[in-house]
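First the structure, in the form of structure tokens, and then the observations on it.
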Amino acid sequence: MGSFKGHALPGSFFFVAGIWWTAKYALWHASRRNKNLGSTRLSSRVSQRRLEVIESSIVIFFSFVGILAEQFADNGPKLHLYDSVEKHWEDLMNWQHTTMYLFFGLAGTVTLILHTTEGAPLATDRLMLAMAFFNEGFLFFYHLHGRAMLDVHVHQLLLYAIFGEALVSFLEVFHRGNIVLELLRCTLTVLQGTWFWQIGLVLYPPSGPDWDQKDTGNMMFITMCYSWHLAFAMMVVSVIYCTVSCGVRSRLKRTPPMEMGLLKPRDRDPESEDEVL
Amino acid sequence: MGSFKGHALPGSFFFVAGIWWTAKYALWHASRRNKNLGSTRLSSRVSQRRLEVIESSIVIFFSFVGILAEQFADNGPKLHLYDSVEKHWEDLMNWQHTTMYLFFGLAGTVTLILHTTEGAPLATDRLMLAMAFFNEGFLFFYHLHGRAMLDVHVHQLLLYAIFGEALVSFLEVFHRGNIVLELLRCTLTVLQGTWFWQIGLVLYPPSGPDWDQKDTGNMMFITMCYSWHLAFAMMVVSVIYCTVSCGVRSRLKRTPPMEMGLLKPRDRDPESEDEVL
Amino acid sequence: MGSFKGHALPGSFFFVAGIWWTAKYALWHASRRNKNLGSTRLSSRVSQRRLEVIESSIVIFFSFVGILAEQFADNGPKLHLYDSVEKHWEDLMNWQHTTMYLFFGLAGTVTLILHTTEGAPLATDRLMLAMAFFNEGFLFFYHLHGRAMLDVHVHQLLLYAIFGEALVSFLEVFHRGNIVLELLRCTLTVLQGTWFWQIGLVLYPPSGPDWDQKDTGNMMFITMCYSWHLAFAMMVVSVIYCTVSCGVRSRLKRTPPMEMGLLKPRDRDPESEDEVL
Amino acid sequence: MGSFKGHALPGSFFFVAGIWWTAKYALWHASRRNKNLGSTRLSSRVSQRRLEVIESSIVIFFSFVGILAEQFADNGPKLHLYDSVEKHWEDLMNWQHTTMYLFFGLAGTVTLILHTTEGAPLATDRLMLAMAFFNEGFLFFYHLHGRAMLDVHVHQLLLYAIFGEALVSFLEVFHRGNIVLELLRCTLTVLQGTWFWQIGLVLYPPSGPDWDQKDTGNMMFITMCYSWHLAFAMMVVSVIYCTVSCGVRSRLKRTPPMEMGLLKPRDRDPESEDEVL
């Protein structure tokens, strides 16, 4: 998968996933905060559950497509693992990517089961997500032996985002529904997405000359570039969060709820938010 | 203990322990969740305590057997530590394994005391388990000097499972009874068990040629193989958990409890679970 | 920015920020503790919010000034990033410092928005602060290739303070208002401030001979010197905290509150503090 | 301080401190648990506070004595830091040990102030303890350049205990009064004490030949020996805890409390303990 497309494709997926998660959590958070304005119409528990079911079905579908693509593409291993004639492993890269997709598929499957049946511990979905990200980072980590300096460096920077997401997902096992952690996870997902694009542009530039893989200036620039990607991801998440929050509030204001008696004074909101967090 | 059997034996123990723990915690969790169906018959506090006493007795017994086997096997040190004639330490490997068993024996002893007497802080059993796993990982960590690359690598991968278990056990000191953490510990225990088998198969292949200890392809395959073991462990634990949960529920439904008045509506369960976690 | 002034300037900023934060948190903590003495006059929620708005405006202003200074100073890059004629990056140092200021500016902007609008999750300001410090440490960390031993060492020691602050700020997301964490953050900020001065004095001594960058004695002294800076920072923070606390209490005692009936016995205070923490 | 006595002395201090802390926390825990038996006579809040004041006074006294001994012993620097004639630092080892004592002295001073005045946040004493241990480990960590392999190794092992204590003390800021954490800290303190003795015996054997500093067998033995010290420390702490607990309970049973009506049934104790932790 060492090509520009091979990095742009997962990058786009993570970028879209980050944006989608931000919108979802912003919507839920806004409707939880504006309960007194009747926002339960927007995100009841039943509709939340339906959304989770749809999301995890999509995750499973794309994981499956990814596995098939890795295995049966032109130069894929086609489920052969060991070439016993020439005594070497077949296309280990493709098998590693297959394994990564497998874990995201497993996470999707568990989430699907959790939200269609009763009685399973809900927090398991975050644990599975943490495992999937940890596994991705784990495979990338042992994947870099003997490459050029800049190549190693851009992949190492990627690990910050991946292990960061694994850690945040694990923390969510204990702090489920904490909007700050959720937005942090969204930010890191967007960061991972844009950084995959950056890796593709650096290692396989579609136009112009190749980058000098041993230049210290390039190393320093790439490091700083990572910070810019982070800042960009933070801004993307902020803008989406604010847009959704304002949208929910303005829409709720136009259609006043039935039970006006339950309306609490607006100025108490910040404190209650503080207590919840 | 550098032999296939020397790795398969502890592997089998951890594998069985992981499965046993999964069944135990699944049973307890299911009966806690179905209290309104009268599940206290299945796992009252008294029977839980009895189970813990039996379990820790078995742990103590096998630790003791392990220590005796390490010391008094054919090439064991027979409690001699230092050969003052030839001025070298005797069979340090056996002594290290003895030390590992000793810590698991201590953890078993403390658990036994905690559940037979009153007034001791319960959470100490998880701390002792964390210490036993930490000590195992600690000794393995300083155990790898001067070995071949693949040998070092497979043992390093083992450390992820061991230190992971130590960390999860330590977190359980603060989050006792969190089913997600308990299942994670079970998963890592099963992983440790199957990985011990894998190490045995890689370093001392019972049939076929030896593995090339310096081949990068082997390194990359082994890393990916670890992910597969993790996925396998996750599936084993999931299947056992689901089977036990469904079994408890179906058995409880057939024998309705006395006090029907306390029956809460079923659809409230997921939320209450959420709150508990 | 490799000059004495270039280290003394940010050092002074951090030093002042640390002292200011200590005074602010000490004031708020003292007035929370002495609520029964009518201290709400000193720090009502409205005045707290106004203070936060002023503080974050100042942070934004100085971040902006810092960015301009880095870019348009004599030898600054003037927003040029790549010299396509000579094929090298322009003044990467200045761009890195610009990036650091950018993140502090972003943190200030988010804090400003949080305290002027309603409905945003308050804990986000600590997350942004953690991100700003993490980014600072991240850029310093990859900034040290190929420098002299002592140069690398003094900057590595700086990382303890920076990453410590990032960690403490992140913990404050979950433990907002914990005075111990807040004072720890203040201490580390003062430490960072004085250590920037120390770095300037070691690397660019304004008088006297240069330091021998390869002497082990210098290394050992600098390490110990860092401990002294920490002790000094702890003492500065303690003295300010005590002064403010005593000041608030004595001032409150002179002007008795209206509602004497709500006065609780003084000797219950320590316990209640204990419960709060 | 490179001598047997120089390691045995601090070792003895830590050993005694660990035993003393175990007895103290066991007593407090036992009297908290047996409140219904009237144990408040044994450890009222006033007597607890008095004990803390005495303890921190002793800590301050010995820190001060330690500083004086380091500075004014035969080969001490006598407060001279830099020899400007020969251009080198004077007795940096002694200065480093002075710094370590200084931090423990500061921790003692803060504890003393916290327990004699009102209104300071109690958890600060654990933070200061964490800082003192962190500083000790920090100085040891940068203290090992260019020594022999075994020398480095035994000091590295010491760091596990020291940083472990720093971490546990820091956790106690949030989980004050958690007996499991307190006993873990006691265990690590005893471990540090006995390991200082072991270091003295290995590096400056009072009788017999010197240890071969480059022998791998010695390295492996020392690692295992550390585990044995840990097991020994765990046993020492357990025995003291059990003795004090039983002592408190038997003494309380002989002298029945006044208010028998408040006596709760004994068999509820384990659960309530579970809830507290």
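Note that the chains take the letters A, B, C and D in the order they are written out, and that residue 1 is the start of every chain.
Basically, a contact is a pair of C-beta atoms (placed from the backbone, for glycine too) under 8 Å apart; a residue touches a chain by one contact, two chains touch by 3 or more.
Listed by chain with UniProt protein names: A, B, C, D = Transmembrane protein 45A.
Just so it is clear, the structure is predicted and the values come from calculations on it, not from any experiment.
Asks: Which is it for copies subunit B and subunit D: same residues on both faces, with over half shared, or different residues?
Replies: Different: fewer than half of the residue numbers at the subunit B-subunit D interface appear in both copies.
Asks: If we define chain centres by averaging CA atoms, which chain lands farthest from subunit C? Would you check?
Replies: The chain farthest from subunit C, judged by C-alpha centres, is B.
Asks: Suppose a student superposes the Cα atoms of subunit A on subunit C; what rotation angle should they report, nearest 5 degrees?
Replies: Fitting subunit A to subunit C on C-alpha atoms yields 90 degrees.
Asks: Between subunit A and subunit B, what is the separation of their C-alpha centroids in Å?
Replies: Centre-to-centre distance between subunit A and subunit B: 31 Å.
Asks: In whole angstrom, how far does the Cα centroid of subunit B sit from the Cα centroid of subunit C?
Replies: Measuring from centre to centre gives 44 Å for this pair.
Asks: For subunit C, which residues are shared contacts with two or more other chains?
Replies: Nothing qualifies.
Asks: Which two-chain combinations touch?
Replies: All chain pairs meeting the touch criterion are A-B, A-C, B-D, C-D.
Asks: Sort out for me which residues of subunit A touch subunit B in the complex.
Replies: Those in contact with subunit B are residues 45, 88-89, 92, 95-96, 99, 102-103, 106, 110, 118-124, 127, 131, 135, 138-139, 142-143, 145-146, 173-174, 176.
Asks: Which residues of subunit D touch subunit B in their complex?
Replies: On the subunit D side, the touching residues are 29-30, 33, 160, 175, 178-181, 183-184, 216-221, 223-224, 226-228, 230-231, 234-235, 238, 245, 249, 266-267, 269-271, 273-274, 277.
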